[in-house]
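So, here's a batch of structures to check.
First chain A sits with chain B, and in the next complex the same chain sits with chain C.
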Partner chain A sequence: MQTASLEQLEEEEAKDSFDVDVAVTNPEKVGDGMNAYVAYKVSTRTSLSMFSNKTFSVRRRFSDFLGLYEKLSVKQSHHGCIIPPPPEKSVVGMTKVKVGMDDPSSVEFVERRRAALERYIQRVVSHPLLLQDSDVREFLEKEDLPRAVSTQTLSGAGFLKMINRASDAVNKMTIKMNESDTWFEDKFQEVENEEQQLRKLHAMVDSLVNHRKELCGNTAVFAKSMAMLGNSEDNTALSRALSQLAEVEDKLEHLHQEQAASDFFIFSELLADYIRLLASVRGCFDQRMRAWQRWQEAQSSLQKKREVEAKLLWANKPDKLQQAKEEITEWESRVTQYERDFDKIGMTVRKEVLRFEKEKAKEFKSQIIKYLEAMLQSQQRLIKIWEAFLPEAKAIA
Partner chain B sequence: MMEEVQDVTSALSVHGHNIKVTDVLKDGDTLTFVIVSQKVSGTGEYHVDRTYDDVEWLQQHLFSQEDVPGLHGVIFPPVPAKPQVNVTAKGMKQLGFLGLGEWQPYCKALETFLRQVASHDLLKKNKAVEIFLTSSDPPGRQRVKKNIFNWLSQAMDEMRKEGHKDVDEFFQAQRDQNLVMTGCTKNATERFLEVVLTEQKIAVACGHFSAALHLCVEAGEDPVKQAFSRICVKLSEVLESMKKNMMSVAENNVNTLGLGLDLESRYQEAEKEMLFRRTCKLVELETARRSAEKAKPVKKAAMEEVKKAAESEFDHISRVAKQEIAQFESERVQMLQQALVGWCEQQLLTAKESADQFDRYLQAFRGMA
Partner chain C sequence: MTKEEFTKMKQELEAEYLAIFKKTVAMHEVFLCRVAAHPVLRKDLNFHVFLEYNQDLSVRGKNKKEKLEDFFKNVVKSADGVLVGGVKDVDDFFEHEKTFLLEYHNRVKDASAKCDRMIRSHKSASDDINRIASSLYTLGTQDSTDLCKFFLKVSELFEKTRKIEARVAADEDLKLADLLKYYLRESQAAKDLLYRRSRALVDYENANKALDKARAKNRDVLQAETSQQLSCHKFEKISESAKQELIDFKTRRVSAFRKNLVELAELELKHAKGNLQLLQSCVGILKGNT
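And now, the complex of A and B:
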């Protein structure tokens, strides 16, 4: 029973505005050895009155972010909210960091994680419903947060497997739902298709990133070989030009590094985020199914209670009859409640999906613009490099 | 069709500096090159079809020219390796840059070889050059393949001679320098090839990404869905443009610096072979001198003759070699300069075009609803 029209939902969507900006910065290693961890600075800038200050910051570690997700998941997902998924755990990555934060792969890992945590928390505070949650405010404001312990579900198996397991449970429901409105079925199918497509794209981008990294390596080796050639060259002018060439190649290597980073941090991570977000979307559809199930089971229980009452009437046992009537009243109100819940979650899911699709288009567009800006800058630096080398090359003869 | 060359030398009837390899045709396993040269007197051109067999025929005749004293002192213009239509991995390694891009770089390299031969004062007079460039019958197709390259290949025995100490400081210095340069240049050429091959891989990856984005486009009237579809289509165009740009970058690399390094590498090898031939002659000379000294009176006169002949040949070779080395040094610097300037100019142009493209796409995305 969908009473609100789509137009009404869209209007409500447009009114939702928020003004909170969160940054995750300054990763610092705390402690030593295997108990070491990385703490990040979480800084908030806001004009909303629900916060005690306009700007403030706290230090949080990775498990704190996971803990936040756990709490939100427990409290909000049965409303049909799309809860933004946290970044994946990584035992390999963290072990390297515990050993030392200075080598390039550790630096890359920490930066990747920092950026992912920032995107995660920004998505949480951008959600009008989640922003109201006290746990979110506590996460942003409270000086010391109790250590999150129940993050086991997110270890090893990871977020996607968790969602998929829950989905399977829903699919094993014996009573199949008859949708009066095909919107939910159609949308669910779209979401599944999109997830597949994004996976393909993600694989392509990863391939591109790997080739760019390969190019960095090859360029560095080539630069060295030209430096050697320049050193061995007898002709002074040519020797000079060849050495300059080696320097040009070194500069090109840096450009390739940056381009690989752009490909990765902008595209690859964006796609990875959305693959997981789509799984979250599937999760909220599953929640709606559960609400329906609860309603159906309540109706079935109510039916049984009525049968009991009928039997008692027939058997003429007045004392038990009273109890039976009370139980019927109780279950009738449950059925009404669960039906209301089911309708409500249906509306929330529709609203959430609409919001999600808008945000998705917005985010893709803004990330692509960021990428193009980086590429343009890269090309402009490249032009300067070639312009500087040209007179050197001409000076040989 | 001529197997033997009657008059060994005469003036070349075409210009050497503007010979062109205009086309390459694939017929099964064979590649046929179309070579065009301009007549010296009057207007008019020669168009001939030649295969690699014909090129080898030409080389044989150049090496075996008999009336040029000190011919072994010539740094022979290096010919590209044999092209294989269905290239094996080993073949690719041998050809390097010349195996890329549908044989266009190979044609350029062959063209350079012919120009150098036809412009070389000692070599261009060889009638084989005239026949190769002007005869309508291909000279090399049905020759009996003789392995005449034995004296070029280094047997184990010969390897010892490579290190033989020179009597002339100039030549010892040349040999030492050449040893270093052949190694460095070969290494640089191979490393640059790796760069180009990776650039090509990136282009292919961009193409795949571009194609995959098209699959994300959905039909339907939902405005939000349409917005996302438009984004995917535009991004697909961006990736296609990046692919083209990367292909241009790789092509520029091949056509300028790639060919330049390849030629330099082969030329250093050619100089190495010449210096080695001279060193072998030196060993021969020193052996002849010792034999003449130790010879018993009955053989002495004959040994002296041998010694005198060896001395004369060695002097000729050294004289020619000195000229060749001077010529080589100035030509290679010029050639490399052209390669570097051309490389820089082409890459600069491509970078500017790419920047313009990115700028246009940036405006398009910013303007998108």
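And now, the complex of A and C:
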């Protein structure tokens, strides 16, 4: 693999631009009891000619999204594509929603899922190869989609199992691949390290979310307690100031709640998405290894056929010899095919990884800046709250 | 542990120590100022020795026996307090004070406990931000790509904001939590004063009854008269000083709350403005680079 072609790939990357915008909105509960499910509105806006309209929307349920992932995996993963993974199944979350969508934890669950499905589908449509796939177009456009079955394997654990099965197959390979180019080995190592680091960071952000929610609760309780104390206080000015302090704490509670939501929806979910995406990246490296394996196995089969031919020549059996020659030709063409496949998948993987890294850098930067801006606004509101309180405190006499 | 981690840990410990030190110093100062301001206590010899003796005071802590004695005294006091507290007071001022202090004390206790819990959550959250900053730093040092430089900058920002957050929690602890704890103990002390007065009242009333009985039987009248006069005197004296102390308590409470709430608000503002500036400059740099 020459470095010149790598530069070519990078140039091609820069030229690609897409004009499809997808939004996932309006979660609605359909049906009742244990058969109930949530349907989401998937709206598309595009200027691409391959779609029949410029704007259109359909209703899809969670299993439809999983079904799309399964179809794409089957069709595209052996090309070395990084297929964006869907959000995880959650039996607990869904059961709560089936019972009722009104309590705050159900609301949060549905919102979390809606946002995750939106990010998932946006990643799918911004992938140049996947956008061309008919299943993707059907998902976006077709009024009624046949119910996706066999999405059992695509629960969170199921998805990981699938990826790990591929890596197990690779690990069992006895012949170590002789890489002329260390790019693949180095990159794979990088990806594994990063996945590990992100997992650690994700755990810490989750801890922050929990502590902030705890702070929220404790602040609300404290606010009520301060209000009671203010009522007891018999000095009028102090009593009023204490009631004001109780209101301040109440406002702070809302601030903490919003900050916790921002911690979760902007930061934590970003990390969760990329942990899953990095697993997909690992998956495509493993696909390349399998392609190499196939090529090697074909080569050793060819070798065996040639040995058979040599034996037959020596044993002088002309009719079996003809068959042997035909088999050799067949395997020679297979070997050529598999070698070509292997080179092709190598190129695709490099292109995909480059594209992935660009997208990753872009997304991390924009999301983290969004997170910091939310923190900034929080501080501004904090300042206003305390500035309003200060004269009240000074007025105590 | 790497050198950076060690330095960081050292800095954190120093900051924590400083925060605790500030708290303790503040409490000691309030205590000494109050003793100095009190008309009777300021003349106490022990106080003068405390202020002037320039060598080690060698104060011995309470031994087990003394602690046990204290414990029993408290039990007796609370039991007695219940009996004595049931007596309705003729004096409106004291009756009102009794009702007020009972309610106030309970509410301050509640507020103090809840304030402590709130501040603990705040500290936990700021510890998390510290860990996040370290983790981002590790991610940032993996490579020298744009994204890694970005992570390093954000890690630096989180380091700084979490120092401020830690100071916010420490200041809330100093100005609000400690204030509530102090008035929890003060209101308890005021309740104890009322108890002592009620005790004196009951003793006075008992002495009156004893005198009437003695006069009826015409036996030990002089003795009964003397003890009645003593308890009357004691009761009147304690009523007088109690009234003054309780009025002072109110004045002190109002001014202490005022001072602490004003300082709390000012510190919160200072820290929020500091945080805001850090965030604004960092976001500006990060947006400019992308």
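Throughout what follows, the second predicted complex is superposed on the first by the 390 of 397 C-alpha atoms of A that agree within 3 Å, B and C clash if a C-alpha of one lies under 4 Å from a C-alpha of the other, contacts with A are read in each partner's own complex, and residues count from 1 in each chain.
Methods note: a residue touches a chain if its C-beta (ideal position, glycine included) is under 8 Å from a C-beta of that chain, and two chains touch if they have at least 3 such contacts.
These figures come from a predicted structure and were not determined experimentally.
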Original post:
Mind checking chain B and chain C on superposed chain A, clash or fit?
Top reply: clash
Original post:
Between chain B (first) and chain C (second), which does A:Leu354 come into contact with in this model arrangement: first, second, both, or neither?
Top reply: first
Original post:
Is A:Arg212 contacted by the first partner chain B, the second partner chain C, both or neither?
Top reply: both
**OP:** Would you sort A:Asn26 into first (chain B), second (chain C), both or neither based on which partner it touches?
**Re:** neither
Original post:
On chain A, what residues does chain B touch that chain C touches as well?
Top reply: 190, 194, 197-198, 200-201, 204-205, 207-208, 211-212, 214-215, 218-219, 221-222, 225-226, 228-229, 232-235, 237-238, 241, 245, 360-361, 364-365, 368-369, 372-373, 375-376, 379-380, 382-383, 386-387, 389-390, 393-394, 396-397
Subject >> Complex contacts: residues of chain A adjacent to chain C >> reply: 190, 193-194, 197-198, 200-201, 204-205, 207-208, 211-212, 214-215, 218-219, 221-222, 225-226, 228-229, 231-235, 237-238, 241-242, 245, 360-361, 364-366, 368-369, 372-373, 375-376, 379-380, 382-383, 386-387, 389-390, 393-394, 396-397
Subject >> chain A residues touching chain B - in the complex, by the definition given at the top >> reply: 190, 194, 197-198, 200-201, 204-205, 207-208, 211-212, 214-215, 218-219, 221-222, 225-226, 228-229, 232-235, 237-238, 241, 245, 354, 357-358, 360-361, 364-365, 368-369, 372-373, 375-376, 379-380, 382-383, 386-387, 389-390, 393-394, 396-397
Subject >> chain C - residues contacting chain A, complex >> reply: 100, 103-104, 107-108, 110-111, 114-115, 117-118, 120-122, 124-125, 128-129, 131-132, 135-136, 138-139, 142-143, 145-147, 150, 154, 157, 161, 250, 253-254, 257-258, 261-262, 264-266, 268-269, 272-273, 275-276, 279-280, 282-283, 286-287, 290
Original post:
Any idea which chain B residues touch chain A in the complex?
Top reply: 177, 180-181, 184-185, 187-188, 191-192, 194-195, 198-199, 201-202, 205-206, 208-209, 212-213, 215-216, 218, 224-225, 227-228, 231, 234-235, 238, 242, 329, 333-334, 336-337, 340-341, 343-345, 347-348, 351-352, 354-355, 358-359, 361-362, 365-366, 368
